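Order of writing sets the chain letters: A, B, C and D. Residues in each chain are counted from 1.
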Amino acid sequence: MFDILSFLISWLPLFGIYAILSLCLNMEVGYAGMANFGLVAFYGIGAFVAGYTSITIFLTIYGYNYPIYSPEAIIAMGRVAGKTPWLNISVFILSLILAFLIAGLAGYLVSYPTLRVGPAFLGITILSFGEMLRVFMKHFAPTGGAYGMLGIPHPFAWIPDSAIKNTSFLILTLAILIGVLIYFELLANSPYGRVLKSIREDETASLCIGKPVPQIKARLLFVASGISGVAGALYAFYLGAVTPDMFITAVTFEVWSMVILGGRGNNFGALLGASVFSLLNRVTSILNFLFSDLPIDPNYFRWMITGALIVIILMYKPKGIIAEKPIKTEAWKIFGAYGETRRKLIAAILRIINYLKRAIYWLIGRETGYGPDIKGSKRE
Amino acid sequence: MTTELINTVWYACIYGLMAVPLTLSYRTSKVLNFAHGVYVTIGAYIPVLIAKGFGIKISPILAVSASFATGAIIAMASHTFVFSPLIKKKSTPVTLMIASMGLWIFIKYAFYAVLGTLQKAWMTPIFYTSPNLEIPRLISFMGMDIDAKLILIISLTAATFSLLAFFLTKTKVGMAIRAIADNPELAQITGISRDKTLLVTWAISGGVAAIGGFAWSLFAYVSPETGDNVILQVFACSVIGGLISLPITFVGSVIISSTENLLIVFLNRYLGVELSFRPFLSFFVLLLTILIRPPAGAGGGLPYRYRLRSIFRVFQREVKKNV
Amino acid sequence: MSAQMPRLLAFLVIGLVIGAGVAYAYTSSVMSTTYADLNTKISQLQSQINKLNQTVEYSIGVTLPLTGALTDVGVQWRTVVEMAFEDLNKEMQKYRMRVKFTPIIQDDKTTDTQALANVQTFHQAGIKVIIGPAASFQVKAIKSYVDDNKIVVLSPSSTAPTLAIPDDYIYRTVGSDAGQAKALAALVKSQGINKVIVFHRDDEYGVAFEDFFEREFSALGGASIGMKYDVTREDFASEVAQLSARARQEDVEGIVIITFDTDGVNILSHARKDSYLASLKWFSSEGIHGAMGLLGEDIATFIQKTNLLGTRPLFRENPLLHAFASQYKDKTGIDPPVFSANLYDAVMLAGWAVVRAGVYDGEAIRSALDEVAKNYYGVSGLTMFDENGDKLFQDYSVWTVKLVSGEYRYVDVGSYSGGVITLEE
Amino acid sequence: MDPILRVQNVSKKFGGVEALKDVSLEVKRGSVTGLIGPNGSGKSTLFNVITGFYKPDFGSVYFEGKRIDGLNPDEVYNMGIARTFQTPRLFGPLTTLENMMLSPKGQKGESLLKAPLRKTWLNEEIQLANEVKNLLKEFDMDGLYKMFASDLSGGHVKMVETSKGILGRAKLILLDEPTAGVHYAVGKNLFEYINYLRKTYNLTFFIIEHRIDLLFDYVDYVYVLHMGRLLSEGTPEEVASDPKVIEAYIGGA
């Protein structure tokens, strides 16, 4: 019936890519308070860089001289993509590195407007940058212009079995995701994370305690945009295709919703948000299978549910599903509060066990002998 | 060249009608409202639906009032059910913004559902259409034939803005709105009910945006995506106005509209820039505006002196450290 | 006594819950030990009877642009899909096949990510044949996934020439734009026009079409100038103004528009106000065909004045097509939109290919599909595929908007076949 | 004693308004110097000029003999000048501990490259945390370490803000109305605390204050600004008896 394995193989790569994006956005928005509404720009840059580099290298090495978007080139790519494993892997790694560097550089340069305007304006500024980039890519002939690119060589194209091929890619994506998560967790739970949070709260005050705010912001944008670029490169390799129409503003909004729902200033919140959102898409699609002939299209309901969910979660959990926590550095140890969460957790579990015990005792009518219960009040 | 000028006027009016209420709502409630595009879409659709539903030609006055009322009701509902509770819970502006995004998605697809049902019931396509208006096509004026819709839109814009100006400067409620916008704490001390004032503000901004939608439907066809497709330009206009000043927002609409209709023509004619760079240009103008002369409300950033020099400084530092 | 009540109630509730759970488990498990023997016998008999009588149900995935940029046609295509499945099932009954097809229609928001998500959902549900998605960039986004997982995709409207790739799982029940560009060039030339501006969308469809058109048109001895406009906009007033200026400057004789429906209607609605543009001859591709906006008084008069002629992929001398069109009109009150014939045939081909394959498996269906398509004659004529999986025989008809018995309607006034345009006057 | 801070002929204009006009003053090392004046007399502007928020139109500022006007706020802080604001500007959703840990300058763990490598900054962090602990203990505030700064009482906020300067190894601390919005008794406490800090940590304080009665009990030297000009200077007693000051205060208020 329900094939959990193939579900995971199809769901996890997209989840992984979106999770990387939302982790990056969480670093920018949740920690440093930079309202980056142009995330899709860096994502797109990464995808285009990866597509262009890999296809060009392959075509050059195999001596084809077709334009990058022509059907001949695509067919040729299909023919040569699986021939040399080492080339596939090395081109993949090279593309990721280039995507990181170029997207990061773009982010670094875009940080200039962040110095000049407040948060609300910053969002619109980067957003317009994203739109400008999309229009520009449509006219940029080397990457295929409006045609985009097709036939980007999959890093594991040389594996004949598609299930193994996709699983390897999935494992790779998740490995990168975990790497990014660990990196960001280490970043966040360090004095650096503390500085970022102070910038988010009040950048002027942060400046007044000697933190070079513009520099910190620019560097963070470099890293976060670069990693978004890596996510874009992964997306390009996963689909095997890149077109400018894929990188519209709606993608940014989706990632934003993930971060806000999951919980700002919390990497695991961003992860949770990404998984909830991408799962929601799958789960609500069951509506289509159940009600195929209603007067109102179930598809509309699906999207309505998404919208309503965002509003409801914000109403009842304004800080997101997992709220922000104080960062964990060794400083807490000095005050003897290091393992506090663990202690609280154990206490909570003990309390729940206690309640259960009392409920069972009450049901079977046995005297518990302690605590304020119904028997206790009767006795008096 | 006349066509281009007329187009500029059209666009300035339409963008103005859409952007000014956006600025008003942001200034008063501090919600960067992404659902604004939905008010526009619905405002554009209401005359269409009335005309189709009753099979009549709708008079412009009825159309405008129906648009205004619907937009106002939806905006008030969004305030009552979403923004007001969130503001009471002291949510951050970012939370409010995302909430407006959720609301946008919800209303948009709810509206899609309504349209889908209506299309089936009426057996006529309404996903891309225009209202059936009861106005003459051309008006003769001093020997020239002028598009009646152009006259209508100009007078509509003028009337809306003068009413708005009168309302905000002369009436008690309007002054309360401005007081809330400029200093919420102080206004509350003086006994102005914040929630009620905000409700009125939302009604006005939703209503005027809906009129903007109607203005759009005079000019071009409407689809459920109309509002979303113009919203980025509308935001650009508001940002030029600093999200604070209503008159400068209108100036912003004029700037964006002339960029899109005059500048691109100029560039196309003399520099051979492709026409399809049109959206690129409007955002480019926006970026230039922000970089050269940050709008009045763009505060919240670092001290100004710092900003001017810092980019060079940052570069210097990086180079020194890494090379 | 009363102190015991809540406890009793609690017991009752828990008992009910447990009871319900047990009952559920009982009914869902196939055999119960007590009635094992009897049940086995009965069920064996029944399954044998069932096998003879049972209709096999196949789900076919359909991903349509119900929201987003292509919503206008997407919503109309939904009706076409429903009709096609109804007819398909009727046909199955007629031939006494115990097979039933149900469409699972999913909205892809005209985005690539959602199209991919839909395809993946279909794959999870064990669906091996998918109709859609509409736009070429969406097809590109799902290509790698469906090739890997051996899912047959039939796109009714993706015409991008870059997708003409052999040996993949993407089939297109419509000819590539290269063919239509040729037809359109012949049409323009046949009207005695030698210099045109091609005003086209700045996306894959428009750019590729313009490219082919220019090639074909210059081969015929004409000259064409390309002008593109951005497609994310809602309104193209300034572009049209610029088009008019350019037309004057270059002194062209005609305008060719390569548009979709929404942008095309908008462009015409602005062009009609321009007297110079109204004095030129206008031509169009299939993209705008079926848009209701063209039937309005204003634009229709403009079309009359400029004698707008367009091409569209259609095999006209086809009785099935007329039956389909009138059936569609009865159902919705309007003429079928562009690509409906191709969409309808895509559904039919998918259904028959599944039946012919006998198993619901991508590879088998793909090889069956080629066979079925060779022998099938549908609403869009011969459905045979070429080696790239695109429609091999695509005839084109010439359409315009005319006043027919008091109301404006789309009419086909000619056809293109084998390089020759035949216009009926 | 040599002056730790020297402001020379500083002028600053905003639009047409002259916020500061030819102001020169000196703050002596180890002193508590006061700056008073009616509202809008340019006190906060002077502070902003010193800390690098504004570049003066004319004139210069020297700190320990080095010219600092034209430096950025973060660079000024790194020279050893800490400041507070009129409204307290602690980082609300951060805990007291985190707020205090932010002050020390040049922490290794604050660099993007070193932050993920725990070992590079661990010792420093522990050392700083110990310092914070001792400091908080010294003033009986060590229970507050895990409270969010937004939940602290007004008096505690002021104490924390002032002691942040010590962690930042500041030599000069500029306080902008430290007792605004707190009770008289708390204010007095705060000044005691300031006095204590000055002695223990050898700090210099430069204080804007409206509560002259409180201020005059603790300061060594007072400057009076009026309409952007230096009106008067001297010991508290001298200033209190200066007729120009009395006139300005009565006329201004």
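By definition in this document, contacts are C-beta pairs under 8 Å (C-beta built on N, C-alpha and C of every residue); 3 or more make two chains touch, one makes a residue touch a chain.
Every value quoted in this text rests on a predicted model; they were computed, and no experiment measured them.
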item: Which two chains share the largest set of C-beta contact pairs; value: A-B
item: Chain centroid nearest the full-protein CA centroid; value: A
item: Interchain centroid distance [CA atoms averaged], chain B/chain D, Å; value: 45
item: Centroid distance [mean C-alpha coordinates] between chain D and chain C, Å; value: 71
item: Mean-CA-position distance for chain B and chain A (Å); value: 31
item: Junction residues of chain D - those touching two or more other chains; value: 72-73
item: Junction residues of chain A, two or more chains touched; value: 135, 138-139, 204, 207, 212-213, 297, 300, 303
item: Interface hub residues of chain B, defined as touching at least two other chains; value: 109, 112, 116, 274, 276-277, 279, 303, 306, 310, 313
item: Of chain B, residues touching chain A in the complex; value: 26, 32, 34, 82, 85-86, 89, 91-95, 98-99, 101-110, 112-113, 116-117, 120, 232, 235-236, 239, 243, 274, 276-277, 279-280, 283-284, 286-287, 290-291, 294-295, 298-303, 306-307, 310-311, 313-314, 317-318
item: Parts of chain A lying in touch with chain D, wherever the complex brings them together; value: 183, 186-187, 190-195, 197-198, 201-202, 204-213, 216, 219-220, 223, 324, 326-327, 329-335, 337
item: Chain B-facing residues of chain C, complex; value: 66-69, 71-72, 75-76, 202, 227-235, 237-242, 244-245, 261-262, 265-266, 269, 273-274, 291-293, 296, 332-334
item: Chain A-facing residues of chain C, complex; value: 3, 7, 10-11, 59, 66-67, 78, 102-107, 109, 111-114, 116-118, 120-121, 123-125, 135, 137, 140-145, 147-150, 160-166, 202-204, 206-208, 230, 232
item: Chain D - residues contacting chain A, complex; value: 51, 72-74, 77-78, 82-83, 85, 89-95, 97-98, 101-103, 105-112, 115-116, 118, 121-122, 125-126, 128-130, 132-133, 142, 145-146, 164, 168
